[in-house]
Structures are given as C-alpha cells and as structure tokens.
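Just below sit the structures, each encoded as structure tokens.
You will see two complexes here that share subunit A, one where it goes with subunit B and one where it goes with subunit C.
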Partner chain A sequence: MVWKIAAKEFLLNLMTFKFAVGAVACAVLTVVFMPILAADYRQRLETYSSEMTRNETELRQTKAYRNLRPTVYRPPAMLSAFSGGIEKQLVGAARIELDTVPELSLTERQGNPYLPVFSVFDESLIFKIVISVLALLVAYDVISGEKEQGTLKLMLSGATARHQVLMGKLLAGIATLSVPVVITFVIALVILLHSPTVALGGAEWARIGLMFLASLMFTLVMYQLGFLFSCLAKRSAVSMVLGLFAWIIFAVVVPNACVHLATQIQPLESQEQKEGLIASLQNALADELKAVRVDWASVERYEKSGDDDSFGGWHEKLIDQGWLDAERKSNASEIPIKVRYADRLWDVEHRHLEACFRQRQIANRLSRISPISTYENVMAVLAGTDLTSFQHFISGVRAHRNQVLDYVRLKTDNFSSASFLAGCTEEDAAEFTRLFRREEQAQNEADKAKAKQARETWAQNKRAQAAASLSLQDFPWFRYHPSLVADLQKAMPDLLVLVVTNVVLFGMCFAAFVRYDVR
Partner chain B sequence: MIRQIAVKEVLENLLSLRFTLSLLLTVSLFAVCGYVFVNGYREQLQDYWKRTNENLSALGGQSDALYKVAFHKQGIYRKPQPLAVCAEGDEKSLPNFFAVNAFTADLPRIKGQANFALPHFSSLDWVLIVSLILSFAAMVFTYDGICGEREAGTLRMVLANTIPRHEVLLGKYLGAMVTLMIPLIAGMLVSLIIVALSKDVSLAPAAWSRILAIGFLSLLYLSIFVLSGLFVSSRTGHSPNAMAILLLVWVVFVILLPSLCRIVFEISYKEPSPAELDRRLEEVTKQLWDNHEKFGKNAGSMSGNLSDPMNNPPARARLQNAIVDARNDITDDYHSKLLAQAFGHRDFARLSPVVMYQRAAETFAGTGINRCANLYKQVKGYGLNLKEFVRSEDSKDPQSLHLIGPEHEMARSWRAISHNPVSFDAIPKFQERDFTVAESLRLAVWDVGLLALLNVALFGAAFVSFLRYDVR
Partner chain C sequence: MIELKELTKRYEDGILALDHVSYTIQPGEIFCLLGANGAGKTTTVNILLDFIQPTSGSAFLNGHDCNRFPLEAKKFVSYVSENVQLYGMFTARQNLRFFAELGGKKGLKNQDLDNVMRSVGLPEKALTMRLKNFSKGMRQKLGIAIALIKDPPAIIMDEPTSGLDPRSANEFLDQLRKLRERGKAILMTTHDIFRAKQIADRVGIMKQGRLVAIRKRDEFKHADLEQIYLREMEAAEAV
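This part shows the complex of A and B:
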C-alpha cells in the first residue's frame, strides 16, 4: 500500500506547476551559474599557477641560503564551484623567511577597497535557496490540502493505516525532490567536466558523492518541515505561510543573528592591543640585537658594499675573509635571536587568527539550529573551502617554515658556512683576501697594478663561475594536500545534525499525523 | 469604492496569520536592529573620538614650528553616522582611514577591520529588514489577491456589481500597502525609540527628513513586490502556482542577482592593479628627474650644504613640487579608476531592485561609497587648505626662504619653510561636511526614478492582466 500511495503521490507531484517551475529554475540556474563558476575557478587557478612559477623561478635563482624566501600558496579548491565557503575571503599566501615571522597575506583583503563584499555565490546557493523553497512548496499541502479536498478522509476510511499514508507521502516527497537534485548535480558535473582546468580524481568524486548525499538529506529535512506544518494546520494556506516564515527565519534571520551573537560572545582583542604587543616584542628584539651587534667599523675587510647590495644582493657577493668572519660572528649571535623572536611574533599573530577563527566557529555552531546553515557548513567542509581547511593550511605553513629552517640549518652548518651568507666558498674568500694582501704589499706601482689586475680577473672569473645558483634538489617544497578522511571527520558533526534532524522531524510528523483530525 | 475595498482588504489581512507572523518578525528585528546599532555606535563613536583626539594632539605637538605642521601626516578617521541604523551602506568593508599632509593625501585605507573569517553579511539595518523580510511579506500578502478570490468564488461576485476592475485592483493594491505599512512603521518607530532613548545617538533635525525619505523609499520598494504579486496573481488561475512563480522571482531578484552580478563583473573587469600604480609613479618621477634642468639650473642637485654653489634651492623646490604634483595626479587617477570600478559594479547590479533601493537608502542616510568618495575629496581639499595656511603663515616670517615644497630636509635644515611656532587654534582642522538633503536627492535621483518606473510598469502590467482576467 505504501508503494501505491508513494507512486500516486509522486506522479501527481511531477505534474504540478510548482514542481515544473522549481525543477526548470534549478536547471536554468545551474546552466547559468556553472560556466561562470568554472571560469572563476580557472582564473584563480591561473593566478595561482603563475604565482607558483614566479616564486619557483625566483627561488632557483637564489645564490645564498640567507636569501631563500619561499612563498607558499594555497591552491584554489577544485570543488569551490559547489561551495565557495570562505575561500575568497582569505587570500591564502604566506612568505617564509628565516628570521622574521611568516608574512601572512591570508587575511588581507586585496584589490579595490570600494568593491562591496557580497555573500558567497556558488552552486549550493541553489540548494540552500531554491530547492529548500521547492521542498516546502511540495510539502505544504500534502496533508492539509487533502483534508480540504476531502480525499484524506476517504483514504483513511479504508483499511489503509495512517503510518502507511505517512510513509507513502514521505517516500513520494523524497522521490519527487530528488529529481531536481539529480538534475542539478548532473548538469553541474557535465559543465564542470567540460572545463579544461578541472580534472576530478577519486577523492573529488567521493566528496561529490557525499555532497549529493548531504543535499538529499537537507532536502528531506526541508520537506519534512513542510510536512510537519501541513500536519499541524487545518488549511493549506496556513501551512504554506508557516513554512515560508520558517524558511525566511532559517535562511536569513538565523545566519545573520548567529554572526552578531558570536561577535558578542567572543569579542576580539583590539587591533591596537595586538599592534602594541608586536611593537614591544620588536623593541625587545632590537635591544637584544644591539647587545650582540658586530662593530663593522672595526672589521678589517677589503671588499666594500656596492651597487648590487639591494634586494638581498648583499648576501650573494664575493667577499673576503675578514668580512666572512665578521658576518659569521654576527649571524651566529643574531640569527638564533631572530628565529626565537620570529616564533614569538608568530604566536601573537596566530593568537589573533585563532581568535578570529574561534568567533567563526561559534557562529557556525550556533547556526546549526538552522538546517540551511548546517547544510552550508557541510558543503563547505566537503568542498575544502571552510575554516578548518584554512587552519590546516596555516599549520602547514608553520610546519613548512620549520622544515625550511632545518634544511637551511643543515645545509649551512647551523647558519655558519659561507654559502649561507655569501656568493662564494671559504677557500674563495681566503684566496680573495690573499690577492688583496698581495696588492697591498706590492712594492711599487707596477706591481700593485699587476696585482690589482690579477685580483680583478680572478674575481671576474669567480663571479662568472658562481653564476650557478643553489642546488635545491632536496629542498622541502611546500605541497598542500587536503585530506579526505580529515574533512570527513570534520563534516561528521554537521552530517549527524542533519540525520538527527531528519529523525526528530519524522517522529514529530508521525505524532502530528496520528493525531490529525481528518474531518 | 476603492476605499471600501481597501478597508476590507486591510481588515481581512489584519486578522490573518501571515500578518501576525510578519508583524512579530519585523518588529522584533527592528527592535534588535536598534539595540545592536546603539551598542555598536557607542563603541565606534568612542573609538572615533579617541583616535581623532590622538590625531589632534599629535598635530598640536607639531605646532612649535610651521614646517612641522606642513609635513605632519594626519590620520583622519571616518565618523560613524547616526543614520547608519537605517542604511549602514556596507561601511564596515569600506575605507575608513585617510592620511594627509599639506602636500599629499594617501590612498584611502581600511584600518582595524572586523573579523575577516566571518561570513560577509550586510549589517542588520532597516534596509536589510525591508529588502529581505518585508519584500517577502509583500509577496505573501498578495500572491492570492486575485486568483485566491477567484478560487473562493468571491471575485465574480464583486465584479458582477457595477464596480469597475481598476477600482478593485487599486483597492487591493492600497489594502496591501496599508497592511505592509503597519509592520514597517511600527518597526521603524520601535527602532527609533530605542535609538532616541540612548544618550549616545543624537539625531539632527535634518535627520528626520532623511528618515522620512527612507520610509518613503521603502514604500516605493515594497510597492514593487505588491504589484508583482498582483500581476502574477492575475496571470494565474491557482494561488499555489502564483506563489511558486513569485518565490522564484523573489529568489532570483533579491538573492541571486546581486551575487551573480558581482561574480560576472569580477571575471570580466580587469582591476587597476597597485603594481601598475607603482610603475607609473616610478616612471613619472624618473622622467621629471631626468629633465630636472627644466626647473632651473641644478634643480636636481641634492647637496645638503646651502652655501654649495651647485645648489639652487628655488629650482629644487620647483622640481620637488612638480614631482609630488605629478604623483598626486597619478594617484588621483588610480583612485578614480577604483571608484569607477566600484560604481560600474553597482550600476551593473542595478538589474536587481534591491540594489537600487539599497543605493538610494544609503545615499539618504549619508553612508556608503558616495560618502567615502566625498570624504576623500574633502580630505584632499583640506590638504590644499593646509598648504595655503602654511604659505600665508610662512610669508610672515622674514627668515624663511619661502620655498613651500615637499622636501622635508630642505625645510628642516635650511628653513625653506618657516620654523616659527604657530598657534594651534589657527591651524585649520579637518571637519567632515555631510551631503545636504538636496545633494543626497540628486545622487539618488536615478535609483528613485528607476524604482518609480518599475512601479509604473508593473502597475500597467497588473492592470492589463487584470482587465483580461477570466474571473469565472
């Protein structure tokens, strides 16, 4: 009997005008949205690749380890077309330096400050807004409408049990609504796969499968909500109005209110406080550095700084022994202090970031009372564009910084070898000094000129030889790998909330329908 | 007769569940809006005065020498607007800091941004409530205005009498509008009472006319949805069908279209890049340096010794002034490109009535992009005033070389600009001037005009549809 009711309801639903409008709207919107989203992804991917290439080229031209300053980038998430999350709000690049805090351009909004920041635009918007309304529209007159027409009492006057009617109607509802869900996903995937930059791997397919499941569960929640209102109201007009107001509360009021509440519950420390802390740390650093500073005036050195000193050129020069020793001494005392302070500064920055993230987490948790927000969270986690994926990236940046630090430490014998701070080896420096000395000790002008000539030729040859940059064969390149299992774990609470909401709503629908007066 | 129909509609609506729900939802949101605003405004205002006083005391610290006043970079912050309760105008994400001295004004910046990780919702203000909640309610009130009566069979009874159709339509329209005005006005009043009761917000007399204008604008906007509701209702036979179409229209125009416009605009419009600005600045500086002789003999000499025969201070000051002027022009050009992009985006997003309404409302409230652009213009004007002040004060000092130029070192060590102290009270201070009501009206005229036009078009469509409607 359940199947018969379900089949009848399903066919009836398919022929309704609202279903046609909803399904066509979903299809048309996806056809309009997806190419734009794919083009947007392509554009961001191109920017990412060109930045990566530029960074790698720059790194490969480095001649001294002191100048090794890689920038790491977070690739745009391939599935961001499905759910944009907060990806566009965060820029996702960090510059790793040995002795300063990683310069996080994660949080800076770049570009035109006058452009308004709009809410995210993605495929899940269609589900959040269009399909959820459609679900309510399909469900609002399921019971109250039949009561108004008088068909409900006819049906229940037979041997059909109420739970059979309920199950039949629920099954029909989910079957009806899965049609636009399937259409939307299929169209979206077809368009996405035709985009030249998108290559979906196994993990992506698994994510899309889970997104599909989550979408179905969310649609069921909205349908059951409409069903519940239909069971609670005597007239279908009333159940529709109730459903629509519930929808506007869930779609507009709750998400907005949660953000406001989160900022009240967990206020951020002021920018000035953070800046003050950073300034005091920097002052302390300057004081410590002053105490160990090498007095360059007293260093006996031959080669002086010149035109090529800017932009790190200082550390890629051919230098003499006196200079090398002084640099070494200075590095041995300064670098550990700088590294220590970089860590402390990073802690301050990180605390601020964490506070921002915590606020967002609170907003997310609070917004779970709205199934629309819960669904949005699940989709963002599965698409890899949510907050946690950025936390993952940031911890990746920190780990990478330590790796680079260890790499350079290992390569340069704890920042002391010549290759750390100069464009020459120790032997070269000794030779360079010897040539200078010979020039200095020359007895007459002719010898001096000859010695100078010899030194300059040698230096020229050396510079030509030294044109080769550092070999970065075993350099720990940064690779960002979003992990499916970890994301799944993070999506679990929200998925569970959707499941539990479905179960609770089912129970409520059952109780309401059993007590429904069909007369 | 129109009145009778309207009164009947209003009374019927007042007794309905949808009215109760809309009233509860709207009034509570307006109340929350007022409360949230008052709290936020207090903090912002304290912050603003703290920073402004810091800026003024820093300026006061420079008044021991005129040249220091000229070179001191003043930090000017945007003042929170009391009418932001009506339309916040996305000010949270707009530039709020302007640095200026007598020679140059930096590009506007955003300082002390709110949490970047939070979703970018528009602040809770009247515009948000009207544009999302009340527009939705407007549809819910009218979706069955015509077809519902047809289903109930009352429409043919009404029209069987001598009442012409346009009177029925007008009556229904007025009835729905009056019904919507109740939650709107009640909400606005609640919000205003909360704002007025707080000691921190003081509304100037001119603000009331602006509030009235925003109220009128809100009605104009809501009327679009009422008319769309009547139009769709008189094109369909069944009220659920009308609801389905209206929901779709609402979702597309209110929610999807503004976001869609943004992303399409982003992909298609090339942003003026800061790197390009730097390159142009560098180029023009180099070009002027290369041709420094144009400004007088040895204009490019950077010797620190005044008695050096190679030095030509007047020519040097002319060169430096020319460089700063050229750089200022390029920065201005870049800034106008940024603005053009933002305005272009907004014009593009005008496809949605929500955007028209938001733009017009923020213009009346004195917030938003127009206000920021105007503020920056005033800051630049203030820089020029300050320069004039420095020039006139400097002319009183016989010891000064009277070379008002942007080179700090010349002014400091050679007395190119007077070193005499100036009275702090005499130094011009920055004072923001808000748009007058007439200026706001002029800025909003297009949006208001478009909203009115949309109303007329929809009324025509509804009227024609209803004339041809089969009431049987």
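This part shows the complex of A and C:
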C-alpha cells in the first residue's frame, strides 16, 4: 500500500511544472558555475604550488640560519566548489620568523574576472536556495492540496491507514527530490573530474559521500517542514505562505540574528585595546633590548665582505672575528628576549583570534535552529573551508614556528654559532681578521696594496665556495593535511542535528496528519 | 449492510449534528437521506467513513464497527463524493488503477479497467484521457467506476448528483439501479428530491440532526415527495 501511494505521488510530482523548473534550474546552475569554480580552484592551486616552490628555492639559497624565514601556505580546499565556506575570506599564508609572531599575509585574487561576481557561489548554495525552496513547493500541497481536490477523502475512505499515506508521501518526497540532488552531484563531479588539477582520493570520495548524505537529509528536513505546514493548514495557499515565511526566517533572519546575538554574548576587545597592548609590549621589548644592546662603537671590527645588500643580506656576508664576537654577544642577549616577546605578542594576537573564533562558533551553534545554517556548517566542515579548518591551520603555523625555532637552536648551538650569524665559519672569520691585520700592519703602500689584494682575492674565493648554502635535509617542512577523521568529528554535531530534526519533524508530521480533519 | 444505532454527534462548539439516529440499509436497497444544509447528512457519512468520531452510539458496515475497527469496516464500503476531482495529470485508467489497488485489487489488466469504465458509460476516447480534460459528469462516472471496481457490499454517496446535467444525472441513476440489482446497500445523501423519488427504495428525512421520518417507496411512489418532505419538516419544527 505504502509503495503504491509512493509510486503515484512520485509520478505526479515528476509531472509538475514546479519540479521541472527546479530540476532544470539545479542542472543549469551547476553546469554554469562548476567550471568557473573548478577553474578558480586550479588557479589557486597553481598559485599555491608556485609560491611553495619559490619559498623552498629561497630557503635553499639561504646561507645563514639567521635568515631562515620560511613562509607556510594553506593549500586551497579541493572540494571548495561544493562549499566555499569562509576559505576565501581568510589568510592562506604565514611568514615564520624566529623573533617575531608569524605574519599572516592575505591572499590576493588574480586573473579570472568572473569570480568576484560569483565568489560566494558554490554547490551548497544551490541546495540552500533552489532545492530547499523546491522541497517546500513539492510538499506544500501534499495534504492540503489533496484535501482540496477531494482525493484525500477518497483515499482514506478505503482500508488505507493514515500512517501508510504518510509513509507513502514521505517516500515519494525523498524519491522526487533525490532526482535534482543526484543530478546536481553527478554534473558537479563530472565537471570536477574533468578538471586536470582535481585528483579525488579515498578521503575526498568519503567527504563527497557524506556531503551527498547531508544534502539528502537537509532536503528531507525541508520537505517534512512543507509537509507539516500542509497538515497544519486547511488550504494549500496558506501552507505555501507558511512554508515561504519559514524559509525566509531560516535562510535570512536566523543566520543574521545569530551573528548579532553572538556579538552580544561574546563581545570582542576593541581594536584599540589590542593595538594598545601590542604597543606596550613593543615598548617593553625596546627597553629590554636597549639594556642589553652591544655598543657597536667600541667593537673593534673591519668592514663586511659581500654583494648582497638586500634586507637580511648582511647576515650572509663574510665577517671578521670582531664582528662575529659582537654579533654573538648581541644575539645571546637579544634573541631570547625577542623570542619571549614574540610569544607574548602571539598570545595577544591569538587571544583576539580565539575570541573571534568563539564568537563565530556561538553564532554557528545558535544558528543550528535553522536547518539551512546547519547544512551550511556541515558542508563547509566536510569541504574543509570552515572556520575550524582555519583554526587548525593557525595552530599548525604556531607549532611549525616552534619546530623551526628548535631546529635552528639545535643547528646553531643555541643561536651562537657562526653559521647562524653570518655566511662564514669561525675559521673564516679568524682568517679574515688575520688578513685585515696584515693589511693594517703593512709597512708601505705597495705591501698594503698587495695585502689588500690578497684579502680581496681570499674573500672572493670564500664567497664563491660559500655559494653552497645551508643543508636543509632535516628541515621540518610545513605540510598542511586536513584530517578526514577530525573533520568528521567536527561535522558530527551538525549531522546529528539534521538527523534529530528529521526525526522530530517526522513525529510532528505524524501527529498532525493523524489528527488532520479530512472533511 | 449499513447500520446506525442511536448515533449521536455533538461538535466541540456545542452544535448537535446527530441526535440518536438509527436505521439499517439492507443489501439491494437504495436509501436516500434528505435534509437541508446542516441537517446531519454529511456528518453521518463522515462517521461511517471514520473521518470523525461519534459522541455516542455506533455505526456498522457489514457488521464491523466503523469507529472501533475502521480499517476492517472500510474494506466493505466504497465512497462517491459530491465533487470527484481525482488526479488531473493522470489518465482515467491510471486513476482507476490507483484507487483499485488501494482497495486491494491486484493484477488488474487494462482490459478489466476499461470494461468497468465502459460499464459506467464513459466513452471509449475517455479511457486514456487525462482527467483535467474531463467534464464533471465524466468525473462522476469515473468516481462510480472507482466505487464499482472495489466491488464492496455497501456504497456511500454524498450528494453525487449535485451539479450534474439532466442527462448525466439520468445516466447516473441507471448505474445506481444496476448496483441495486447486484445487491449493494446504498446510502445516498441528496438535496435532489426529484432524483430521490426516482431511485430510492426508502427515504430518510433529517432536520437538525434528527431523523424525523422514514418513508418507503410505496408511500411516495404515487405521492408528491416534496410535499411529504415539507410536511415532515413542519411537523418536526412544531415538535
């Protein structure tokens, strides 16, 4: 009986104009936007790869550990076409410095001129707008419409139980709405798989499977919502108005209201407060540095030798013993202070970021009363474009900074070796000093010129030999790998909310339909 | 067989829609229920089909209590409503097949469905036509076909001739006669005294929830049923 009702309902749904329009709209939107999103991903991946290569090349040319300043990059999420989340609004790179907080640099969009127009478009938007409205439109007259045309009375005048009618109609609703859901996913996947930069692995397929499941559950929630309104209203026009009203509440009012509420519940410290804290820390740092600063005027030293005058380039020049000792003394006292203050500054920045994250999390949790927001959260988590993915990246950056610090500390005998301070060894510095002194001690101009010539030739050869830069064989390279298990754990609460919402709505639909006055 | 025993219905707003109504409709009998709007005719139908619960009393279909065991009782009844709309996007055959299958009929061939539709007078071209193109008369005939294909012992009809043109109404009455010959117990509510006189074996006259009179065919066959109806209504009002 249930299957007969479901089959009839399914067939009738497929024949409706609204279904045809909805299904075609999903297909067209996917066909139009998916190639743009795939191209956007390809472009971002190329940028990411070239930046990574450039950064690695730069690092491999470094000659002094003092200049080891890697930049870490967050790879674009492969499934961002399914849900863009907030990926593009957040930074994708961070510069790791030994004595300053990681500098979070903003990514810049280049190339594709269409993307700014469609930057917020993704597959989940098709579901949030087109399929959710379609679900309500398919469901709004499922009971009240049958009552109006007299068929409900006719159906229930026989030996058909109400729960059979309910189950049949729900099954038909799922089957009907599965059609545009499947169409959308299949088209999206076909386009993605034809993109040369997309190589879906097991984890990605698992994510897509879960996204499909979440999309079906979300669609069922919206259908049951429409079903409930159809049971509560005597006329289908009323149930349609109720459905659209609920859609506006869930799609527009709840998300915005929740953000507003979250700002009231978890207010952020003002930008001035944060900047004040940072300024006072920087002042304290300057004071501490001043107290331990080397008096360079009293240091007996000669000029450095080298061509690189770029920022940090002086660390890679040949220096004499005087320079080396003074640098060593300076770093021994300054680096621990700078590292300590960098940690404190990071704490200030991090506290602010954490407060922003907490505010966003409160908004997300509150917005779970809207199935549209819940679905949006699930999709972003599964696509790896949600806020927690960014938090994971930030934590990774901090952990990486500590790894780099430990690595350099170990390699440079706690920031004191010549390889940390300059582009030469202890012996080179001693020899360089000896050559300078010989030049100083020359008795006549001819000897002086000869000694100078000898020093310059030596320095030139040394620089040529030192072209082989630092060996970074055991350098802790940064790799960002989103974990499927971790993301699944993060998505679980929202998935559960969708399941529970479906169960609760089913109970409400059952109660409403059992009591429905069919007269 | 359709049986009502002391059937009473008082709605939540206090209106007494049925007041201790009792009668029995035997197999092969057409019982027409007459009365003004709000007399309680449709309330009776709604209780028989378990759309509402009686306040007291019982209704039976083929011996099964309609409100205690509704699904069991409704196996023995078909229903023809005042305004049979059905599914406009389906053909007549698809509509008939769906409701036949809901009624428990399995393995029906197109031929079986077409024969039933022909027997109620639907033209050949209508069998595969979509219902949205049907006239009200044609839809009413299909409604009867739906009632017939289930082949139950009892049929309940709520204002079935309402809105039908004279020719369609006459064709409809012919169908009722055939059903009577096949031993069906038929309850028909109507305002149409003229059609009731033509077809009924007995008429029940209702006023404000009370069954004020039951007249057999012999009593109104040669009399003016309208006069009887008005007289009974006046008498009920005087009481």
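The rule is short, and it goes like this: the second predicted complex is superposed on the first by the 498 of 519 C-alpha atoms of A that agree within 3 Å, B and C clash if a C-alpha of one lies under 4 Å from a C-alpha of the other, contacts with A are read in each partner's own complex, and residues count from 1 in each chain.
Just so it is clear, a residue touches a chain if its C-beta (ideal position, glycine included) is under 8 Å from a C-beta of that chain, and two chains touch if they have at least 3 such contacts.
Values in this document were obtained by computation on a predicted structure and should not be read as measured data.
Once the shared chain is lined up, is A:V133 touching subunit B (first), subunit C (second), both, or neither of them?
first
Answer with first, second, both or neither: which of subunit B and subunit C does A:T160 touch in the superposed model?
Only subunit C is touched by A:T160; subunit B is not.
Let me test your reading of the model: by the given contact rule, A:A199 touches which partner, first (subunit B), second (subunit C), both or neither?
In the superposition, A:A199 touches no partner, neither subunit B nor subunit C.
For A:N256, select first, second, both or neither according to whether it touches subunit B, subunit C, the two together, or no partner.
Only subunit B is touched by A:N256; subunit C is not.
Would you check which partner chain A:V518 touches, where first means subunit B only, second means subunit C only, and both and neither mean what they say?
second
For A:A446, is the partner it touches subunit B (first), subunit C (second), both, or none of the two (neither)?
Once the two structures are laid over each other on A, A:A446 reaches no partner at all.
More residues of subunit A are touched by which chain, subunit B or subunit C?
Touched residues of subunit A are more numerous for B.
For A:L387, using the defined touch cut-off, is the partner it touches subunit B, subunit C, both, or neither? Pick first, second, both or neither.
First partner only.
Could you list which residues of subunit A make contact with subunit B in one structure and with subunit C in the other?
16
Over in the complex, which subunit A residues touch subunit C? Could you list them?
The touching residues are 1, 4-5, 8, 11-12, 15-16, 149-151, 153-161, 517-519.
Which residues of subunit A touch subunit B in the complex?
Touch list, subunit A to subunit B: 16-18, 21-22, 25, 29, 32-33, 36-37, 39-40, 43, 86, 89-90, 107, 109, 111-121, 125, 129-130, 133, 137, 141, 236-238, 240-242, 244-245, 248-249, 252-253, 255-257, 259-260, 262-263, 268, 270-272, 356-357, 359-360, 363, 387, 390.
Which residues of subunit B touch subunit A in the complex?
By the definition above, subunit B touches subunit A via 16-18, 21-22, 25, 29, 32, 36, 90, 93-95, 108-121, 124, 128, 132-133, 136, 140, 144, 238-241, 243-245, 247-248, 251-252, 255-256, 258-260, 262-264, 266-267, 271-272, 338-339, 341-342, 345-346, 369, 372-373.
Going by the contact rule at the top, pick out the subunit C residues touching subunit A in the complex.
Result: residues 42, 46, 49, 51-52, 71-72, 74-75, 77-79, 81, 83-90, 98-99, 101-104, 143, 146, 150, 156 of subunit C touch subunit A.
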